[in-house]
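Each structure below is given as structure tokens.
Shared chain: subunit A. Partners: subunit B in the first complex, subunit C in the second.
This part shows the complex of A and B:
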């Protein structure tokens, strides 16, 4: 059991949710990234969360890996676009903005919840450090 | 020198003939004194009340760690919330008159229904547990602090 173990566990939650927020912001910032139709579209980023076993490990969560969405994208007819093919199509990434915003809210709330635990456990440890001071 | 028991004399005086070793006075064999269990505990802070508060502090900090683990995994697919129980063993020890031991609680996985990704952590429930655990921890700390203050008063010599 690590000293101040609660802080480490809540910190792992902060890190995992920040990585998720990073992935969401990457997706949103590339939502209008246009590619040629013969290229792969920008692929949506997903993070895979995995629990660190509490009994044998320290507890907490970690991001096991990143996964990538479809490279198919969606075809949009923009004949004046410099990247358009002979039929006038370009490729946009297949990312839904509403879905990304939902994910962002979930990740943000989870981040705040972990931060609340950090504050609460800090208060507990602070109180414990005053023990016997008189 | 002659009042020293055999072992010591034999070790320091190298001129003593080996044959005399058996004739020297020896420490009489005594049965080991069995101490009462209460005497094997530290005198300060080892009483039932202090140990009960310490066991409670240990269990409560473990509960806080498990709650942090639950919240850290609030979006992890397939994660089941952990629940700590230290009260039942502590109550059992106190009811049977034993001095509580700091063993920590047992962690069980919550059997509440899961949502679609197999996770059953409910944030408001965990927040409530975290708040209550923090307050109980403060209570136990204050009680233990009171015990230490009493000790400090008792140790004051004038």
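This part shows the complex of A and C:
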């Protein structure tokens, strides 16, 4: 275990939550990405978090991999759209904006919580070093 | 098929251990039963050097725009600051102990 281990662990939480925010922003930015009906729709991005085992010497979390949602999308009737097929349908990604906003709030609060841990643990270590100033 | 965004590429713990793994607490504990205080001071100075080197490297990356994650630099500089304080505290204790001995009446 490193001497100031809490900082590294909280730092891994910051990185994981930032990646989650990256995924959410990618989903929201592509929420209106239209495709032809014979193409795959934009797939929702998910990040898979994985705990780094504390017993292995370093704790914290890491992003193991990215998962992708359904490529089916939802069919929308827009006959005037340049990408519309013969029946007048186009394909929108199957992403719920409310769900993405909720995920964004959770990730943002978790990011803040990890930053608070960095700040508090810094104060804690400094308080411990005050012992040597006596 | 769109290309996946670069931000969610899977990363190992190397980013974390690059900061935290550079310090070695075992070195401090193992020397304490050997040469005592002097070697603790020496090993903590070595540790300070490596932590500050990590923070400096990330600072250069931040300046050149190569930094992957802002928090990497934040954590590293925080750790360098704390390690500096720790080494200074240990040094002060060493000097205080020396002065205490020098004041000893003969």
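The criterion applied here is as follows: the second predicted complex is superposed on the first by the 129 of 134 C-alpha atoms of A that agree within 3 Å, B and C clash if a C-alpha of one lies under 4 Å from a C-alpha of the other, contacts with A are read in each partner's own complex, and residues count from 1 in each chain.
Here is the rule we go by: a residue touches a chain if its C-beta (ideal position, glycine included) is under 8 Å from a C-beta of that chain, and two chains touch if they have at least 3 such contacts.
What you see is a predicted model, and the numbers here were worked out from it, not measured in a lab.
Engineer: May I ask you to decide whether A:45 touches subunit B, subunit C, both, or neither, giving the answer as first, second, both or neither?
Structural biologist: Touch status of A:45: second partner only.
Engineer: Can A:132 be said to touch subunit B (first), subunit C (second), both, or neither?
Structural biologist: both
Engineer: First (subunit B), second (subunit C), both or neither: which does A:84 touch?
Structural biologist: Touch status of A:84: no partner.
Engineer: Tell me the contact category for A:12 with respect to subunit B and subunit C: first, second, both or neither.
Structural biologist: Once the two structures are laid over each other on A, A:12 reaches both partners.
Engineer: When the two structures are overlaid on chain A, which partner does A:60 contact: first (subunit B), second (subunit C), both, or neither?
Structural biologist: both
Engineer: With both complexes superposed on chain A, which partner does A:26 reach: first (subunit B), second (subunit C), both or neither?
Structural biologist: A:26 contacts subunit C only, not subunit B.
Engineer: Between subunit B and subunit C, whom does A:34 touch in the aligned arrangement: first, second, both, or neither?
Structural biologist: So A:34 meets neither subunit B nor subunit C here.
Engineer: Name the contact category of A:124: first (subunit B only), second (subunit C only), both, or neither.
Structural biologist: In the superposed model, A:124 contacts subunit B only, not subunit C.
Engineer: I'd like to know which partner A:113 touches here: subunit B for first, subunit C for second, both or neither.
Structural biologist: Only subunit B; A:113 stays clear of subunit C.
Engineer: Going by the contact definition given at the top, which residues of subunit A touch subunit B in one complex and subunit C in the other?
Structural biologist: Common interface on subunit A, subunit B vs subunit C: 1, 5, 9-10, 12, 60, 132.
Engineer: Provide the residue numbers of subunit A that touch subunit C in the complex, in ascending order.
Structural biologist: These residues of subunit A touch subunit C: 1-5, 7-12, 14-15, 18-19, 22-23, 26, 30, 40, 42-43, 45, 47, 52, 58, 60, 62-66, 68, 118, 122, 125-126, 129, 132-133.
Engineer: Spell out the part of subunit C that touches subunit A in their complex, as residue ranges.
Structural biologist: 1-2, 4-5, 7-13, 15-17, 19-23, 25, 28, 47, 69, 71-72, 74-75, 78-79, 81-83, 85-86, 89-90, 92-93
Engineer: Given the complex with subunit B, which residues does subunit A contribute to the contact?
Structural biologist: Result: residues 1, 5-6, 9-10, 12-13, 16-17, 20, 49-51, 54-55, 59-61, 106-107, 109-110, 113-114, 116-117, 120-121, 123-124, 127-128, 130-132, 134 of subunit A touch subunit B.
Engineer: What residues on subunit B touch subunit A, complex-wise?
Structural biologist: The contact residues of subunit B facing subunit A are 57, 61, 64-69, 71-79, 82, 107, 123, 126-127, 130-131, 134, 137-138, 141, 144-145, 148-149, 152.
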